[in-house]
Amino acid sequence: MSIDLKNVDYVYDSGEPFEYFALRGISLHIDEGAFVGVVGRTGSGKSTLVEHLNGLLFPTRGDVVVDDEIISNDRKVLAKVRRRVGIVFQYPEDQFFAETIFEEVAFGCRNYGFSKEQVDESVHRAMKTVGLDPDHFLSLSPFQLSGGEQRRVAIASIIAVGQKYIVLDEPTAGLDSGSKLAVLAELETLRQATHVTVILVSHNMDEVAEFCKQVIVLDDGAVAFQGPTDTFFSDVTLVERTGLELPESYRLSRALKACGSALTVNEASTERMLESLKLSVSDLGGA
Amino acid sequence: MIRLDKVSYQIETSAGAVQVLRDIDLELPDGSISAIVGPNGSGKTTLARLVSGLLRPTSGNVQLLLDAETHTVTDVRPGVDVGLVFQNPDNQLVATTVEDDIAFGLENLQLSHGEMVQRVEDVLRLLGLQPFRDYPPHRLSGGQKQKVAIAGVLAMKPSFLILDEATSLLDPTNRREVMQTVLRLNHELGIGVVIVTHLLDEVLVASRVCVLADGVLAAWDSPRAVFSNPAIVKRGELVLPLSARASFLLQEHWTDFPLCLTPEEFARATCQLT
Amino acid sequence: MALSRSFVLGQHYPGTSIVHRSGALVKLVSTITLMIGVFVATKTAQYVPIVVLLVAGILVSRIPLRFFARGLKPILFLIVLTVVVQMFFTPGKIIWQVGFVHITREGLVLAGFILCRLVLLTLVSVLLTASTSPIELTDAVSDLLKPLSHIGVPSAEIALVMSIAMRFVPTILEETERIIRAQVSRGARIGEGSLVMRMKSLIPILIPLFVSSFRRADDLAVAMEARGFRVGDPRTRYHARHFQSIDVFILLGTAAAVSGVILWRLFL
């Protein structure tokens, strides 16, 4: 099972004076169970792409297929697709409206007709997944939480529904460095435990390198790269051409190479790079 | 120089008084670059607003030192002495076009028409915003909007510029561009800069870092001193730069290996290894 | 189409034509005068000077006709409704009848007039707001209200509030779209089902919108204060008003056309 885009074009205000080609000939394949990054400079079409994945926007040309279901403006199809693809939008805490955190997290489940027991169970499970103690939090108002806690509740309100595909549009923007890592680590744990697919839109290359094995790079509405994250970041010209930057770990290994250091490390994400640094140090027989 | 002397700030809520900041002592020299870091809710925004004169401390003083010899001080005037730019540019742009937005602060200063036109032109040129002068804000990209917000503040010619997570909504390219602009202003015009941020790169350009934890000043020191002190790193819930982690790793074998903060510095230091 | 882009009335269409460059106060006064003219005119021929002036304005402004067409769209319903009501319910000489439904000659004429008036009024205002930047327009309103400040009307503040409102209309429409999309993604069905269900489905949209507008207002107040704004303090104006010869031209033209209409109506 997978999400596939076939030659998708999207034009905003088609036929109007302000008509704008936001997506051009996008063909993509996203495997079930993957952790995929979507990157690209501002205005490259990331959010537009994301809104195609659960039928908020329909392609001007081409097809979006979610597990054999071609997305169309048909009510039945839309209901099916939205039941499978959940989106956490930018600053999701801006959508809070309920009096208690329980109601907020339960909103999606209720809309999809969960029974009372199912709602209860899903809400508790989702809160635990994002590292918030249900007993303490569920009765509080979502508006009285700290920034990091609000973000987690917002994410919980999507994962409570238990969709197969979870898309997050810059979920860590505005969070402190500790919460950033924690939120992504929670998603990775969830993915490993339940095999959901996580699609992460991000401007932060360090986190993409760390968590996403696959990456989709958009440039001016077209796919500039699709494949393993490592491969993308080792192509410096491509990274620059698409207006992005290298993660710190890649910069470090390149800097070592550039100044002819005796230490050599793999170009890889942080933890793997540190591992190879350790090896290199012991090879040198550090005193 | 801006001087904070035993500054505390308290707010009254329905649940009682909340002490947001306690006994903060800081000195921000003219033309310096400082950073304010700390976890969500540690009081960074509150501190930024106190420094810019938008909030008054419950106790203590925030003052502008005019003359170090005679110790003449005055209150900080928002906009005039300190310009503040914050996170969401959409909520900072007041007027319906870029040009008019830049003029907004100048109108408040009651400048003459000629002076306003001059300053608007200067700032548009300085930030490369001339092509967008007639644009309404909602037709600009996030990075462009944030530049307009900075332009509006700069036109008032403050001696300090405070950026409260001003780049957090931008992509790497725009972020770099905005930061470079700010550094250039610091360099060319001698504007003092205070950066409130969660991002490492932005901490590293500062000569001093103010680490807040729970409303208390946990450290006020150089980035190097801050990152080399595990106790401070822990209290401020900071994440170490990767190069620093790598340095610590090397220190297990070469005890005199220096603490490096950037990849370049780290690479250079490893070349000195024997 | 995006909500925020379908609102043409009140939207500025930047340009460099004579119409764009002439003074906002002059355009505002001319628009008001023309509107009075539209209401005063009762004979087809009396509309001629007004239409000529409007068409000239539209052509000279070089704003695409499409933009004006879109300006008419939102009031299309209103136009159709009033025209239909007038056509079928005005008593008079019956010229067409099926069952009890009939159209009278008088009704047809009246409907024609109303159609003409509504379209003219809309086009005149679209021309004004499209060719004048909002800030100039608010300045003009402030100038027009200035005499009233002697009796305590805060004309400068009214103008500022107007301009902030105009600045935030697109932003808030965009925000509404964003919230709708987010709630729909959480399975919300908006505007489906019974009336009660429809009303209820609006809550998850209205509350966040309300909260975010409050936060915006709060931020905006801080941002304004951070730039030295204080309520009631005097401010200077960035936009100098200069009277140009073209302004005189426009004023004289409108005055001539409208007084022509009024005189005709009174004496012929």
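Per-chain residue numbering starts at 1, and chain names A, B and C are given in the order in which the chains are listed.
One rule holds in what follows: a contact is a pair of C-beta atoms (placed from the backbone, for glycine too) under 8 Å apart; a residue touches a chain by one contact, two chains touch by 3 or more.
Being a predicted model, the structure only gives us computed values, none of them experimental.
Student: Name the shape of the chain contact graph, picking from line, ring, star, complete and other.
Tutor: Topology of the interface graph: complete, with all chain pairs in contact.
Student: For the interfaces A-B and A-C, which has the higher count of C-beta pairs in contact?
Tutor: A-B
Student: Averaging only over C-alpha atoms, locate the centres of subunit A and subunit C and give their separation in whole Å.
Tutor: 43
Student: Roughly how far is subunit A from subunit B, going centre to centre by Cα mean, in whole Å?
Tutor: Subunit A and subunit B have C-alpha centres separated by 29 Å.
Student: Tell me, which parts of subunit A touch subunit C in their complex?
Tutor: Against subunit C, subunit A makes touches at 12-13, 16-18, 51, 54, 56, 82-83, 86-87, 89, 92, 94-97, 107-108, 111-112, 143, 157-158, 161.
Student: Quick one: which bits of subunit B touch subunit C in the complex? Just the residue numbers, please.
Tutor: Answer in residue numbers: 49, 52, 54, 77-80, 83-84, 86, 88, 90-97, 100, 103-113, 116-117, 120, 134, 136-138, 149, 152-153, 156.
Student: How about subunit B: which of its residues touch subunit A in the complex?
Tutor: The contact residues of subunit B facing subunit A are 38-41, 87, 141-143, 165, 168-176, 198, 200, 237-239, 241-243, 245-246, 249-250, 252-254, 263-264, 266-268, 270-271, 273.
Student: State the interface residues of subunit C toward subunit A in the complex, per the touch definition above.
Tutor: It is residues 1-2, 5, 64, 66-67, 178-179, 181-189, 203-204, 207-208, 211-212 of subunit C that touch subunit A.
Student: Would you tell me which residues of subunit C are touching subunit B in their complex?
Tutor: Against subunit B, the touching part of subunit C is residues 4, 12, 14, 133-135, 163-164, 166-167, 170-171, 174, 215-216, 219-220, 222-230, 233-240.
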